[in-house]
Structure formats: C-alpha cells, structure tokens
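Letters A, B, C and D name the chains as they come in the text, with residue numbers starting at 1 for each one.
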C-alpha cells in the first residue's frame, strides 16, 4: 500500500514548483498559475491526511472543498484584475507594475 | 451464473480463469480484462456512431421532405462508409502558424470527452462501466473536457473565426452547465443518489419524467446548448463565422469532431432516457435479460436523439446575447426554483402513498409550468407594447 | 511494488513534470494546458485516495472553469499570438535555490514527524464518503458556517470580478 | 386570570398608551386620544373588578390580594417587587380609577378636539382661537394634543403603580414618575415664561421632600432589610423599630423614618412649608390641575403617610409634628384662599388646606377619617377643578367672541351670572362646592370632615379641633365666595355674557363626579349618628380592617356635630352675604395684601434661600474662592512650572536633546532610509522573495539553535 509520505513528498514538490513559478514568472497570469499549483499541493495534503487519518472525520475533505471555492474566487478576481490592468497599462508583466515603489 | 443473465461477469470469469491458466498474475489479468472491456465498449460505440451518421442524414432528409441517402445499399445504409472513406483520403492540412501538438490533440479530446461519458451509462442492471457514486457530476466533468477540446482546437488553428466560435461556445457551455446541473440534481433528489444505476433503479415504479416533467424539459434544452446544436449552434454558425472552431480541420480530424458531435447528441439522448425516461426499464420487459435491457435503453436513447434532431431541424438560430439572457434570466432561476420546489415537495410527500406522491409531484410541476407560461405571456405582451407598431417577430431584434 | 504504487508513481511523475512545464514553458497557452494536465493528475490522486467527489469536482471546477478562464485571460492579454523574450525574471536561479530550500525544509520537517510513513487502513467498501461529506457540509454542528461563508465569498468574488473587468468604454453590461 | 395577575395588569395600559402615542400615533389626534382614553378605560375596568372582588372578600385586611416576584438579587436574598390590594388600597384604587378616567375624557373636550386648527397657534403656547369659515372666532385645537395625552397617560401609569405596589420602592418609582410628569405637564405650555418657572419650581420643591423620603426608605431598608409593607408591619419588626433609639431629637427609629417619609409627603402634598409650588402649578392646563391636585399626585403624598401609618404612629413626637403641620397648613392655606381672585388659585389653596385636614386627622390618629376625607376630597375636588376648567373654557369662548385678549378668563371678578349660561357646570360646581364646604347631611364632604373633627375632638386635641373648625368655616366661606362671584348675580363683563356651555365630553365627567361627590359620603355615616343606632359605617369597617387592630369609631358628640353644622352653614351664608352684590375687586373687603400675597412666603423664600444661594454661588464661590484663591494657586503653579520649563528647555533640551539626540537620530534615520529605499521596489515577486529568504533564514537559525546546539 502507498505510505502517506509519498503524497506528502509530492505535494511538497508541487508546492515548491508553484513557489518557483510565482517567484520567477514575468507574466501575471503565469504567477496565478503558480498559485494554483500551490493551492493544489495544499489540497493534496488535506485529502491525504483525511484518508490516512480518521475517515469518519470529514474536516479534510470539507476544507479541500472550501479551498476549491477560494481558488475559484481568487482566480476570478485575479484574472479580472489582470485584464483591467492590461486595459489601462497595456502590459501584464508583473515587474512593470511598480507604481507602488518609493 | 449463466451467460444470459450476467454476460459481462460470465465472460470476465471465463477470461480470468483462462489467463490465470496461462500463468498470468491475478492483478495483471484483471487489468487486461478491464482494458479489453474498455476497448470493446469504445469500438462498439464508434461502430454505432457510423450508424448514427446514416440516421441523422435520413431523419434530416425526412424533415426537409427529401429522400436522403438511398443509393448505397438498402436505404443507403452504407452511405456512412463512403463518407468515412472520403474523409480518410482527403488531404490532411495543418495550417501555418498552428500549434501542432494542440491542434492534433483537440479532436481526440473531443471524441474522448464523449466516450468518457459511456463509462457510467448503465446499459443494463449488470452491464455498466463503473457505478460511480457521483455520476451526475461526472457528466459535467466530461463535458468540461469537451469545452477544453473546443478551445484548444480554436486556439491552435490560429484563426479568428475559430477563436470567436470557441469563445461563443465556451460562454454557452459554461452558462448552460448551471441549469443542467440543477436539473440533474432533481433525479438525484428523487433517487437519493448520484449514481446512474441507482437513479435508474429508482424509476422502477414510475419514470421521473412523470414526477418532474419540467426538469426533463429544462435538461433537454440545456443539453442541446451543451451539444452546440441548433438552435444553439453559435459555435459553428456557418452564416456568421464560417464553420466555427473546426474551420481549419480537414479529413479525419474534422471527422472526429463530426462523429463526436453526433455521438455526443446520442449520448445525451441516453442520459435523458436514464435520468427521466426510466433507463432500461420498460414495464418489466427488462427482466427478460440484460441484452433486452440494453436494447430498451438504446431505443430510448435513440428517441432522445430523435427529439434533439427534431428541435435542431425545426428551430432557427438564436442570437448570442438573447441566448445568454435566456439562460441567465430565465432558465437558471427557473431551474433553481424547480430544484427547491422538488426538494420541498419530496420531503413533504415522502410519507404518503405512492399515488398521492406521484400526483403531488406532477401537479406541482404542472402548476409551476402554468405560472411560467403566464409570466412569459405577460413578458412578451409587454415587449409587444414596448415596440408598438413594429411586427412582433422583428420587435425583439431591434431592441 | 504493487500495481497501485507503480500507477501512483506514474501519476506523480506526470504531475510534477507537467507542473515543471507550467512554470517553465514559454508559451503561456501551453503553460495553461500543462496546468490542466497537472490538475488532472491531482484529480487522479484524489480518486486513488477514495475521494471520488473531490476528484470529479476537481475536474469540473479546475479544468472546466479555472483552466478555461486562464486560457481566456491569456488570450485576452496579448497583442500577438506568440510570446517573445524570456518568460522568467532575471534572477530566476535564486528562486530555484529558494524553492529547493523550501522543499528541503518541508521534507526535513516531515521526516522528523513520526506519522510520516504510516499507511492507511483499507477503505471500507460500505462507507459512503460522499454522503458523509454532504452531511458534514450542511450539518450545523459541523461545517455549515464555513461552507456558507465560502459561498458568500464566491458571490463577492463574482460581483467583484464583474465590476473590475467591466470596461466602461464598452457600454453597458447587456452588450 | 387570578385577581393578583389582574392587579399586575392594571398599570400597564397607560404606559403602553404612552409609548404608542409617542412612537406611532403622534400625528393623529383622534387616534391618540382614543388610545389614551381606551387605556384609561381598561385600567378602570381592571380596577373596578379588583374593587368589587375586594369588597366582596371577607377580612381582606388580614389576607390582602398580593403577589410578588424576585427583582434585584441582593447579596443573599432578593429585593422583591409586587402588588398588593388591601381595603385601603382598594378604595384608593377606586377613586383613582374613576377620576383618572373622567379627567382623560374631560381632556378631550378641554383641548377643543374637533375644532379647527388655530390661525397662529404655535406649539408650546395655549391655543389662541381660530376663525371658522363663517368668520366667527372659535376655540382652536391644542397644537400639542397628542403630546398631552401621552404625558397624562404616563402620569396615570405612575399613580396606578404607586397604588398597587406592595413596597416602598415601586411606590417611590411611581412617585418619581409622577414628579417628572407634573414637571412636564405644568410646563406643558412651555412657551409661557411663568409656566416654565412653575414647572421648575414644582420639580425642585418636591425634590426637597423626595430626598428625605429616599433617605427614609433607605433607613427602612437598612433597618428591616425589606421594603414591602407586609414585612415592615410585622409586629415584632415594628416593635424593634419603635424601641431602637436614634441620635436625632431622641426620636425612635420608627419616628425618624416616619418623619423623613412625612417630609416627602410635605413636598408632594404641598404642606407648609413646601406648599409654594402648588398654586403656581395652576399654569398647567386645567385637567392637569385636576390630575395633580385632586386625583393623583397630592393624594399620593397623603396615601403614602396613611399607608405607613402603622409605622409612623409608633412615635408620639412624629405624630405631634404631623398634627401640627397639618393643622397649621389647613388654617394657613384657608386664609390665603379667601383672598384669591383667580378661580383656580382659590381651589389650589383650598386643596392645600384640605390636605392639611387629612394630615391633621392622621396626626391625631384618626386613620379612617383621613382615608375617608382623602377619597371624598379627591372626588369633589376633581369635580371642582374640572368645573372651574369648564368655566374658564366658557369664558375663553366669550373672550374670543369679544376679541379682547386682555381680559383674564380666570379672574372671578370678570365672571358672574354664569348660572344661566352654563347650567350643568353651575349645578355640578355647586354640588362640588357644597361638598367641599361640608354642607350638612347631604354631601360627602360633611361626613368626612365631621369624622376628622370628631376624631380630633375625641383625641382631646382641642387646639387642633378649634383650628380645624375655623379652617372649615373659612373653607365654606371662600367656597361660597367663589360660587357667588362666578355664577350668581349678573354678568360683570361682555365676556361673561357670551360665555356658554361646554361640550358633553366635559360636562359628562362633571355629572359623574357630582354623583360621587354626594353619594360617596353615605358609605361612611358613623354608627351612632345623632345617638340613633344605624348600621356600622361601612367605610370604617372596611378600611379600618386594614390595620391590625381595628381603630375604634370615635363616639358621636353633639358639640362636634354642632360645630361642623355651624361652620359649614355659617361659612356658606356669610360668603353669600358678603359677595352677593360685589361687582369689582375693590369692594372686596378681604383683599388684604398680606393674604393676597400669600403671607409673602415666596418672597421670603427668595430672600432667605434663593438670593443667598445665588450670592453664594456667584460672589462667594465663583468670585472669591474660584477666581481668587484656587485660580491664584493654580497660576502660581503654572508660573513656577513655566520658569522651570524654560530653564530646562534652554539649557538642556535644545542643545542636548534636540541637537544631539533629535537631529542626530533624524540624520541616521534619513541615511538608513535613503539606503534602504531600493528595497521598496514595488515588485510583488521581489517582496515575496525577500520575505521567503527571511523565513528560511529564521528557519535555519532555529534549526541550528534547536537541533545542532
């Protein structure tokens, strides 16, 4: 049978990859992609903990569902922001959006 | 067990014993057998698909008062094979600037999304791919893969018309998924499960089309939109965007899209049958044997398919904004109201005798339908008054 | 090394590989498509974990909605169909180090946890996980409140997204 | 519903009416008065039911209707509030319910409901009359109609609470609610300077009494640990109270408590020396006068003393004080009343004097007599006030007719001959007046006053007896004077000619009250009246049973009977004789400045109390203490601090702190800022990067610290 560690390692790796994407992609949309990866990593953890823990306790799955909701809203708002930024500034490169600098 | 009453398991057992007899490890054997089953199902479907082409052409011909294919073989029944040969020997063009991989992947996905659906269709009490306990959602999931395929096709073929078509189609799909899910939840409520098999068994006594006719209607409408067939065929509106998302496809790739669409339609006819027309139930006839049940189900699916074609060749195309408005402002709220109403009535009437239960549900639906019709009538009257003097037909167009 | 484990490893490799493609590939559309592959792999993981509901919802929500949305966004935010220039920031090697360090740290933390390599009891075939989940989501003494809050969040996000992305120059919403 | 529950519900309708009117029906006059009168009617109904049940219940005095609930948890026990109706409470409830209902009904007419809106009426001033479609000047409706009904509803609530409550606390609550309402209602026409002052005066004066009363209540609670009558009137409790001495005047605890409570009464019932507010209270609308001076508030004071009689009567000293104050007030107010020209002022002073009668009766221990007079007086005084209001109303009509607004419609010398103009008012007023002056055998006043006199006589208090007799004579005298001046003879002014009868809403209450003013006396005919042996006096039997030991009926005595006969008839006769053909104020022999100016009591107070208070506040405290002394010291501190501050600033702050620390820090910070600024690049990813690096660094550090070391 598959030990829990495998899932955890996979999710850790997925998380790190997503982190890398968030840190190093130029395009804002790509950054959001990275965030999605990280969210999925978290979800894998939640579900696997549910499965390997007490399966009558639904917390893991419930929180996975809530993470779905959060991800959906985050993507909707994030992409809307990206699009409106693109309309105004005509760019989606995160580093060009530095109006908040000193 | 004998072959007649449980053919699948019978064959499976026989094969297992055979393979293990050859010294194959048990799990490998089971894997092999399942693979065989899958391949068998798929190939059957594809063959059936070829038959569907002929059906479609015949029916449309009858609708349009023509004869349809009648040269090749009896009733032109071998016409599809000719078509296939034509499609295969056609030149396979990949437009310049196309994204090769995606471009070639799209038709396969589109076909796949349809074939995936057949995994959960219970052809008979004992003949089904898997009895997924979230079947209803599974349908939507597969549908979303179909959406994906369309987008991939449109984007990769590097063509404006294709892209526009894809945008329209995706907009339509995503919006019509909502009333579709809502109406699929109604049989779920009635049967107390999302599993297709249990839903079908739930209709042993009475088909859900009796308990929830409104749901059946809404589901059919949403399904047609999901299929992208007329009157909702904006993704390939020939007169506006030449052929929509598969404009650049030629030969067998286009054939895949085409076949996929036909099979998709037939599949949804099947789901309609399963969710509302009692699946393989036909007044105890299904007890004669699984194969009879399969035939019953296919017949019902064919009926559903025929309804879809009927609508397709009767209705004219609707403008995109009207269509979305129709969904968001009318279909979705109605579906939700219906859902809540059904849940309520179901809980209220749960304890009562079957007759009362059926009558109550039916009356609820009829009442709701009547109210809806009244509302629509009032609305259209208002529209007509708004555009006084203009002919009602063009009144909405000029709004 | 049972069949399940082999299968799992394949899925895992698919997930990680496609994830890497997501963060490295030049073509953003491809990145989105690779993301879909990743998500599909994750869905398969859920299926392996007997969370069939989550698996299907993963497909519906992520692939059916989010990924499509991404593709739309990519298409709407580009002048021509090809991407030019590097897609990574200049200091990406530093980020690689950071990511690796994070991964290492996580691993170290995990392996120092005693429940790290425990295995699950067999899933009771009669256990109706979906039903349990549904009850948990709507029963007042369980998670009904977070659930409702999440739905409110979704509504807010819907409104907010429409408001933000609504282009005042394109006339009113109905067009 | 058990009778106890019903008692709980009696006070509720008025308060509900109050909130209803204030919150919702404020705009709608008809709705407002319907709500208020309806509420009064409900309370009346409840009260009547309770009363009937009460009189039909044998020895109610031993086991009164009572129920109580825990209210405030005190350390180990509960402070209970509850309701209780014993015989005395029952009779009081009876007359309160009646008068309140009548006054409510009367108010509808008095505020000219149904008349057109005034031409130039403003809220806060009495209506000035309107011009109807025919151009006639007619009375105009009160601008703040709803407000008035809201207030009197609250007032009624206070009174009912006070009557049904079974403990001093809720009694005091109702007491204070009434105090507030009297303030609001006396100042109802707040546009008038005089009204404002009167309101403040009433409030302040009664406050003096209330403070003492509160002290008394506190004393009771600390002494007995309870405030409910039944607990206090336990024999052993009373005994301990009577025996425990106090440092003040060598009074016993009971005596002191009684005294303090009695001071409260002095304030509320306008006894000398705190009577000054009551005449001014006439500034309010007449129903208010009736409400305050007949039915409720002033009765409340007497009610309270009578209620606490078992406690008060323990200490002879207190009783003496009470008797003295009562008697003095009676004669004192009567003499003033003789010289008043304002029809309402006369009644006001007569009220004071009658209350004096009751207090005096109580002082000489004539418990039942006091209660009896309280009830009868409530009826006929309410009748008189309402009658006078009706008269004024009629006069106002006349004033509007002539349009000469300088004529005071309340001055009796402007009236005369109203007998023909307003017959109902006349006859009812006559009945009330005779009752007040104690017209023999017929009227209620006679019986009650007779009892008081006989009580005083049989107690051997001849001073009290004689004084009260004189007071009674004066009462009859000024009553007759009032009647003569108002109704008899011929009209002295145009206005009087054109006065006419008031609407039924005003006359009906008069009639009803008149019935009581006559009939109520007959329930209290002493047993051995005129030596012939009648049934025992029902009132005496009933109310007397409230006390633990039924007080003996004071024996019949020809002297007393003769006296009351003589004073009543004599007073009436002389009054008629003296004023039958007086036409102008100058012919009035009794316009003695001393009396007219109420013995200069107000001036005396303003000289002795108010002026010094002002002087103390203004000159002494403000000018000398505050400005001179305290400010001086403060300024000294200020200057010193200033000097030290400037030294520190110049020689320490500026060079060291500012130059070195301040600017130095600033420069350092600036430098850091300038060099750290690039971190703030505005790039999300860079921020994330930095934070992650820090995170990892910390994690590594922890790892090093926790694991390796």
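The rule is short, and it goes like this: contacts are C-beta pairs under 8 Å (C-beta built on N, C-alpha and C of every residue); 3 or more make two chains touch, one makes a residue touch a chain.
The model shown is predicted, which means the values in this text are computed figures rather than measured ones.
Decide which interface, A-D or A-C, involves more C-beta pairs in contact, and give its chain pair.
Higher contact count goes to A-C.
Between chain A and chain B, tell me the centre distance in angstrom, where each centre is the average of that chain's C-alpha atoms.
For chain A versus chain B, the centre distance works out to 33 Å.
What's the distance between the Cα centroids of chain A and chain C, rounded to whole Å?
Each chain reduced to its C-alpha mean, chain A and chain C end up 6 Å apart.
Counting in whole Å, what is the centre-to-centre distance of chain A and chain D, each centre being its mean C-alpha position?
75
Rounded to the nearest whole Å, what is the centre-to-centre distance of chain B and chain D, using the mean of the C-alpha atoms as each centre?
About 86 Å separates the centre of chain B from that of chain D.
By residue number and range, which residues of chain B touch two or more other chains?
none
Could you pull out the residues of chain A that touch at least 2 other chains?
Each of 19, 23-24, 95 in chain A touches at least two other chains.
What positions in chain C touch 2 or more of the other chains?
Each of 2, 53, 57, 65, 72, 89, 91, 95, 98, 102 in chain C touches at least two other chains.
Name the touching chain pairs, please: which are they?
Once each pair is checked, the touching ones are A-C, A-D, B-C, C-D.
Contact residues on chain B for chain C in the complex?
Counting only chain B, the residues touching chain C are 27-28, 31, 97, 99, 102, 132-134, 137-138, 140-141, 143-145, 147-148, 151-152, 155, 158, 163, 167, 170, 174, 177, 194, 321, 325.
In the complex formed with chain C, which residues of chain D make contact?
My answer: residues 685, 689, 692-693, 696, 699, 703.
Write out the stretch or stretches of chain A touching chain D in their complex.
Residues of chain A touching chain D: 19, 22-24, 31, 94-95, 97-102.
Of all residues in chain C, which touch chain B in the complex?
2-3, 27, 29-30, 33, 36, 52-53, 56-57, 59-60, 63-65, 67-68, 71-72, 75, 81, 128, 130, 174-175
If we count contacts the way the header does, which residues on chain D are in touch with chain A in the complex?
Checking each residue of chain D against chain A gives 677-678, 680-685, 688-689, 692.
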